[in-house]
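Below, subunit A partners subunit B and then partners subunit C, in two separate complexes.
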Partner chain A sequence: MFGAILYTELFKIFRRPRTYISFGAIAVIVLLVQFALRVNGTEFIRFFTDSQADTFEIPESQILNGYFVCVAILHLILIHVPLLVALIAGDMIAGEAQTGTLRMLAAQPASRTTLLLAKFSASTIYVILLLLWMALFALGGSLLLFGQEDLVVFRETDLHIISQQDVLWRFIAAFIYAALALTMIAALALLLSVFAENALGPIVATVCIVIVFTILQQLKVPVFEQTINPWSFTTHMLGWKGFFYVEKTSEGVTINGSVENPMALVRSGAILIGYTFLFVLVAERVYRKKDILC
Partner chain B sequence: MLSVRGLTKRFGEFTAVDDLSFNVEQGQVYGFLGQNGAGKSTTIRMLLSLIRPTAGEINFFGQSLFTHRKEILSQIGAIVEKPDLYKYLSAMEHLNLFARFGGHRPDPKKHVLLLEKVGLAQRANSRVGTYSQGMRQRLALACALVNDPSLLILDEPTNGLDPQGIADMRQLIRSLCKEQGKTVLVSSHLLSEIEMIADRVLIIHKGKKVAEESMDSLTEKASQLKLQALPEKRYVLEAYFLSLTSQ
Partner chain C sequence: MLRLFWICVLLLGSGWKVNAAIDPATLLAGVKKKYDLVRDYTASAQLKTNVLFIKAPLSQVTVYYKRPDQLKIKNQKGISFVPKGTVNINLNNVLGLRNFEAIAAGTYQVDGVTCEIIKIFPLNDEEDITRATLYVDPTRLLVLKSIISTRESGTYQIAMQYGAYASWGLPDRVLVEFNTREFKLPKGTTLDYDNGSSKVDAPKGPQKGKVEILYRTYTINQGVADAIFR
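And now, the complex of A and B:
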């Protein structure tokens, strides 16, 4: 029964024209960034390397390669993808309540728990496909346009140089981590969707929550740094960056296959999974007992 | 087939359905009448487990809806109020979708026959967004029938239909009952329609049952009322309904 309902939920998502707006938006943004870096890439790199330029010569043409462009794209657009995820997940229950199809679904033999879990699973599959699409354009397209070299990652006043043989697994890990973070956003949007009878409400609410916690995180004031931020999901959503911070020997040589703080990555991943379970569990409890009046 | 005992639903202080009891026998067309806000839709939503009753029991096929929901709903097809469908899907895609929801594999040949029965075969592959309200109503009925249920619960099934559509729907409900032995519980505000198709009628007013009669018994009772003032004496049900609910 679950498989059949999951199939129908996916069928509905991918038969709806608006689903493809997200895929189109990602393709356009990635292509624009690639075009900009193709034309003004050297200036872009100088902006980040101003502080180091006096110490040693920066080989801009080598730094500007496919891997570097992909990391730049991820920095620029991953923070905005929650909006695209909320557009679908926030619509899952509230959108059906608004159009009146929810009562037809809820009067079917499948339990409400099955229906909700199928909707959440369909949202998760949508998230994964969106990230695969992004990987195709951001990584595949950038490698095609800019070629392969060692990856240089700028971090405040520090540089991390990762050999090209050590890079691909980091991108795969970063995309898997981003999938965890965006699945958590899908769970949050689904939870809010259970309370609403209009699709716009949960979509806007999800985006507002992400914005509020992101601002608290960026304020970097002790009152939030010591209380909310360590547990805020927006703090841990950015954990994918950790795969591009490498450990170095005491002589400053990069250790291949290493990450600077693996335990912090594991902890952040566990917190994201914990939030996802919590949001889905509460959504299930509420939806199971909800009177469907619309 | 269906037994309802002491069914009650309260929304805070407001009692929408109050201690309602009735039985629907197999093979009957059971008319469910009441003015707007009388509690018909709330009752139907409770029968389909969309709303949790405050009190009471609902038994289908000798089993409680609260403990055998899945088995019971797999034998029921329903239209609840105005049927809202997926505008971006076609009629065939709707039938495939509802077949899967019922745990069945979609059967295109059977679906074409079903669409012919409700008069939508010509538009089987058009998107529902291009349908008129009447066509959507017909498709909703096809969706309700797609898993071959033994009981149909139809809330205002003639809403939005033109006179020909109403006549077709009436004919279809009759044939489902007489030829296929299905049981139909139908609510409508069109009293003359219920009068033409129902074997038995339940009338509720402000959430309470005010009458439950067979059509024969009802005709007899209505004839005892002073109907002379009515221009059309043949609308027996209307006269009886108004005498019960206009107080």
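And now, the complex of A and C:
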């Protein structure tokens, strides 16, 4: 029964033209960033390396490679993808309520829990497909256009050079982590969707929540840094970047296959999974008792 | 009789001093003659960068040199940030100076070898090198250590160890120490993931960086195309 409902939900998602807006938007953004970096990539890199230009020979043409471009794209896009996820997941229950099909849906010989879990699973599959699409364009396309080289990752106070042989697994891990983070957003949107009678509300509410927590995180003021931010999901959603922070020996040489402070990543992943479970659990409890007759 | 004895002691003493004082110009000419044996070389080497704000893998590099002052370090594979001052591992930058003042400044032990300290001050204002101190092994006529201050890229301390190619004046190992500027990007530009380690490692103020070059093989005087240095 679960499989049949899941199939129906996926059919509904991919029948809607707006689903493809997300895929189209991602393709357009990726292509625009690739075009921009193809034309003005050197200037882009100089922004990061300017302070060291007097001391070091900066191998700009080598830094501008497919892996670097892909990280730049993910950095630009992944912050905004929650909006695209909310567009689908926020519509899951509220959309049915708006179109009046929620009662018909509940009349099926399946429990409301099964129904909600199928909707959540369909949202998760949508998230995964969206990320696969992004990987195809951002990673595959950038490697085709810019070629392979070592990856240079710039942070606020340091930079990491990762051997190209040690990069691919990091991208796979980062995409899996991003799927985890966006699935949590899908769970949040689904939870808000359970409370609403029209689809717009939960979509906007999800986006607003993400924006508020992102701003609190970017403010970097102690009052939020010590209270909200350690538990804010937007803090942990950035964990995908952690796979590109590499450990070094006492002599400054990077250790292949290493990740700087991996326990922080485990903690962040656990917090995201925890939020996902919590949101789905609350959504299931609320939906099970939801009065769908009025 | 006693007076005569003291006069002899004084004369001998001053004579000894005259013999012990090294003529820096002669010593430098001897060193330059040795270094001039090399017209060009291509060397295969390993480069290790140790800078607080850079995490980099070991690089396999090729070092190209052509007399008088062309030097290029190219990665065989991968990316490395090579300090601009590494061009000063080519001692011809100092030994090739035409208009300079050289002063002997005593002796100093480098790796157990007593070296003559020669301080060099270029007299031409247009030279990039503003001052250089060479620690010269007078027996082998090799520079074991140099401290070079440049107009453009700060001060570099270069330590050299010699082995199989000592007769050419080419080192097996070079350690370059240099000043680095703080690396700090504007807040919010990189939206870093806070994994708890960045706060511990955050560099504050100017730091010393090191680059170690371990030479494996040299191909000497076989010609190097000018295009490589462009």
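Definition applied: the second predicted complex is superposed on the first by the 291 of 294 C-alpha atoms of A that agree within 3 Å, B and C clash if a C-alpha of one lies under 4 Å from a C-alpha of the other, contacts with A are read in each partner's own complex, and residues count from 1 in each chain.
Definition applied: contacts are C-beta pairs under 8 Å (C-beta built on N, C-alpha and C of every residue); 3 or more make two chains touch, one makes a residue touch a chain.
Remember, it's a predicted structure, so these values are computed and weren't measured experimentally.
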### Query
A:Thr8 contacts which: subunit B (first), subunit C (second), both, neither?
first
### Message
Touch test for A:Asp291: subunit B only (first), subunit C only (second), both, or neither?
### Response
first
### First, second, both or neither for A:Ala110, with subunit B first and subunit C second
first
### Dominant contact partner of subunit A by residue count, subunit C or subunit B
C
### Message
In the overlaid three-chain picture, which partner chain does A:Glu260 touch, first (subunit B) or second (subunit C), both, or neither?
### Response
second
### Residues on subunit C engaged by subunit A in the complex (per definition of touch)
48-58, 73, 75, 78-85, 152-154, 178-185, 187-198, 201-203, 209
### Task
Can you check the complex and tell me which residues of subunit A touch subunit B?
1, 4-5, 7-8, 11-12, 15-17, 99-101, 103-111, 289, 291-293
### Query
In their shared complex, at which residues does subunit A touch subunit C?
48, 51-52, 54-59, 62-63, 75, 79, 149-150, 152, 154-164, 218, 220, 235, 238-242, 245-248, 251-254, 256, 260-261, 264-265, 268
## Note on the structure
Seen from subunit B, its contact residues with subunit A in the complex are 45, 48-52, 69-71, 73-74, 76, 78, 80-89, 93, 97-98, 100-103, 140, 143
